[in-house]
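Next come two complexes, and both contain subunit A; in the first it sits with subunit B, in the second with subunit C.
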Partner chain A sequence: MLEALLFAMFAGTAIGCALGVVFHRNPVHCALLLVGVLLNLAGIFILLHAQFVAALQVIVYAGAIMVLFLFVVMLLNVKGETPLLTPGAAKFFGFLFALIVFVEMLWTVLQPGGDAGAPAAQAPLPAEFGSPAALGRVLYTVWLYPFEITSILLLVAVVGAVVLAKRKFI
Partner chain B sequence: MLGAPAVPLLWYQMLAAILFTIGVVGVLVRRSALVIFMSIELMLNAVNLSFVAFSRQYGSMDGHVFVFFVMAVAAAEVAIGLAIIVAIFRNRETASVDDVHLLKG
Partner chain C sequence: MDIAYAIEILAKILVVFGFVLVAVIFVVWMERKVLGHMQDRIGPKRVGPYGLLQTIADGMKLFMKEDILPSQADKVLYFIAPGISIVTALAAAAVIPFGDSVTLFGRAVPLHVADVNIAILFLLGATSMGVYGVVLGGWASNSKYPLLGGLRSSAQMISYELAQGISLVPVILMTGSLSLATIARAQEHLWFVVPQFFAFVIYVICAVAETNRAPFDLAEAETELVAGFHTEFSSMKFALYFLSEYANMMVVAAVAITVFLGAWHGPVLPGPVWFLIKLVLFLFFYIWLRATFPRLRYDQLMAFGWKVLLPASLVNLAVTAVVVVLKG
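And now, the complex of A and B:
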């Protein structure tokens, strides 16, 4: 009961903040509302016994990535867009395609044999489920090569960001 | 030992679908490149939620590993994307995607 109540609270706040991200005029407010979405999702992760992922979400996403966003928003000092949304037919088709995507996803989720046919939750999860130790054990054995490739990806991203942000590039 | 979940998987999937759709709307109808990037983050987070919910359902840690990778890719994407936005803004004094259409032909 408490879990369902917490889920409803987190989900409602997350959806409200997400709508704010998309429809708020000021990019700084958008970024702060996105932090709200991320924190609420971290709460939902804890409900799902993913404590370590929740901590990563708060530290890496709401901390590091959003600071980068806010830094750039304030560096560029972009004025609020005067027509908030893209004008003309593009707006209409944007909403239409988004609606189609939503209906498709909902149809997939609600389909019998889809989620409804998923096996019942493994009730006796191991006590260490979601802990850093359990994640590390999987990450450094089964997923070792993807992990190493990720480090190369991050290195490339760092070099690319430095090169792109250099003056007189474009 | 942890007990069975009180909230069914379906609810988490619906929440993920709603958040993903809001992100799609943001990408399609907003004009500011910065807000478009934030909407992409929203979509990535919806997918992360889906991964974690399935991970809980199947009792396997692999979904958490995927979330870890998604976060790493999102960090790389944000670093590169924001560098591109800064470079464009420096040259064109705009962050609106409607004003950057050299490739449109």
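And now, the complex of A and C:
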């Protein structure tokens, strides 16, 4: 009961904030509403017994990435930017991608059986589920290759950032 | 959930938050008194015995002041920003254990508001959210100096957060737990400051920078930026920033004590008393630093954080990891 209430609270706030991100005029307020979405998602992670992921969500996304985002929005005056796409094209692609993501999610949720479809309440969770130790073990055994590939991707991004920062612009 | 449990939690929340808020009064007084004597003057002495009530008088004055809203400010964020600062500071205080569990009315009561098993990550999360209070305060004022001060101090906080977080990891490796209570209990015989002295030094330096205190108080370098991000704030909004700075000081000091300086362990006296003694000594050290060192230049600050502290903390982490593995 309490869990359902909390879920409704987090999910509702997250959706409200997400709508705000899309419809608010002021870019700084949009960025902050996005922080709100991320924090509420962290709350939902905690409800799913994934405290470690929730903490990382807050530290990495809400705490670090969004601050940098906010920096950029504050320092560049976004109002004067000419948009990359015409409003019509932007709307078309926006709806297209939203539709693709929606169909994907629907498909995953509607899958019979499997881990993704099973409600967490039915099977009792192991005691250390979601703990850093359990997560680390899975990450370095079952999901080793995706993990390493992701780290290479990040390395490439770091090298790229350094190269761009070192370039003389004038 | 039974009633006794709810009462217990509520009581602990009130005690911890009440302690932090009341202690700020005395920490401010202590800072002014200690700074005064270090600079060969007396410090406050008129209000109350030894000037003890000076901070209360100042607080009352701030209450009475006119609350000024700059005409060009972003009104919503201008109101929210000081709130974010104080909320994150107080939230961080919730996971700090200030004593071993005691038995009250036949119940074992652990002396912290919440023993989450990811307490250290919770702390880092709370401090990283604290950046928003500063950067939004600077931006929402819609004025030059606050914006520059806000950008400066948030860049500083983000930079030093990294080394601060990594300096805590060796202790996590040694205890195998992210819970502050477990880390505190592991120090009954040997404080972690002995095997992890370098991590302790790095943590203390980062803690000073993280709270925007001298010699890292670039955010409010008076000679360049008037008062940094809170230039435009007056009355209780300024008081909230002031409060959160001191609450943050106490939180980072309490973390240093819990992780490196043996938490509540000590001979004869009960745990919470030892914790309090260590807290006062650590805050004295903080004030001592302020009285001793001149302010750094901004590029020195950034170079020091990224080129010295971060690599040093990474090397320390790698060495500790190897040692932990070799010892089995």
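The working rule: the second predicted complex is superposed on the first by the 118 of 170 C-alpha atoms of A that agree within 3 Å, B and C clash if a C-alpha of one lies under 4 Å from a C-alpha of the other, contacts with A are read in each partner's own complex, and residues count from 1 in each chain.
Heads up, the rule we're going with is that contacts are C-beta pairs under 8 Å (C-beta built on N, C-alpha and C of every residue); 3 or more make two chains touch, one makes a residue touch a chain.
Remember, it's a predicted structure, so these values are computed and weren't measured experimentally.
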item	value
Which superposed partner A:A64 touches (first subunit B, second subunit C, both, neither)	both
Partner chain(s) touched by A:L144 [first = subunit B, second = subunit C, both, neither]	neither
Dominant contact partner of subunit A by residue count, subunit C or subunit B	B
Which of subunit B and subunit C A:V35 touches, first, second, both or neither	second
First, second, both or neither for A:M74, with subunit B first and subunit C second	second
Contacts of A:L56 with subunit B and subunit C, given as first, second, both or neither	both
Subunit B versus subunit C as contact partner of A:V159, first or second or both or neither	neither
Which of subunit B and subunit C A:P132 touches, first, second, both or neither	second
Touching partner for A:I15 - first (subunit B), second (subunit C), both, neither	first
Shared subunit A contacts, counted only where both subunit B and subunit C touch the same residue	52, 56, 64, 68, 75
Sites on subunit C touched by subunit A in the complex	74, 76-77, 116-118, 121-122, 124-125, 128-129, 131-132, 135-136, 139, 147, 151, 154-155, 158, 161, 176, 178
Touching residues (chain side subunit A, partner subunit C) in the complex	26, 28-29, 32, 35, 51-52, 55-56, 58-59, 62-64, 67-68, 70-71, 74-75, 131-133
Subunit A residues within the subunit B interface of the complex	1-4, 7, 11, 14-15, 18-19, 21-22, 27, 30-31, 34, 37-38, 41, 44-45, 47-50, 52-53, 56-57, 60-61, 64-65, 68-69, 72-73, 75-76, 78, 81, 83-87, 90-91, 93-95, 97-99, 101-102, 105-106, 109-110, 115-116, 118-127, 129-130, 134-135, 137-139, 142-143, 146, 150, 153-154, 156-158, 160-162, 164-165, 167, 169-170
Residues of subunit B that touch subunit A when the two form their complex	1-7, 9-15, 17-26, 28-32, 34-35, 37-39, 41-42, 45, 48-49, 52-59, 61-62, 64-65, 67-69, 71-80, 82-91, 95-96, 98
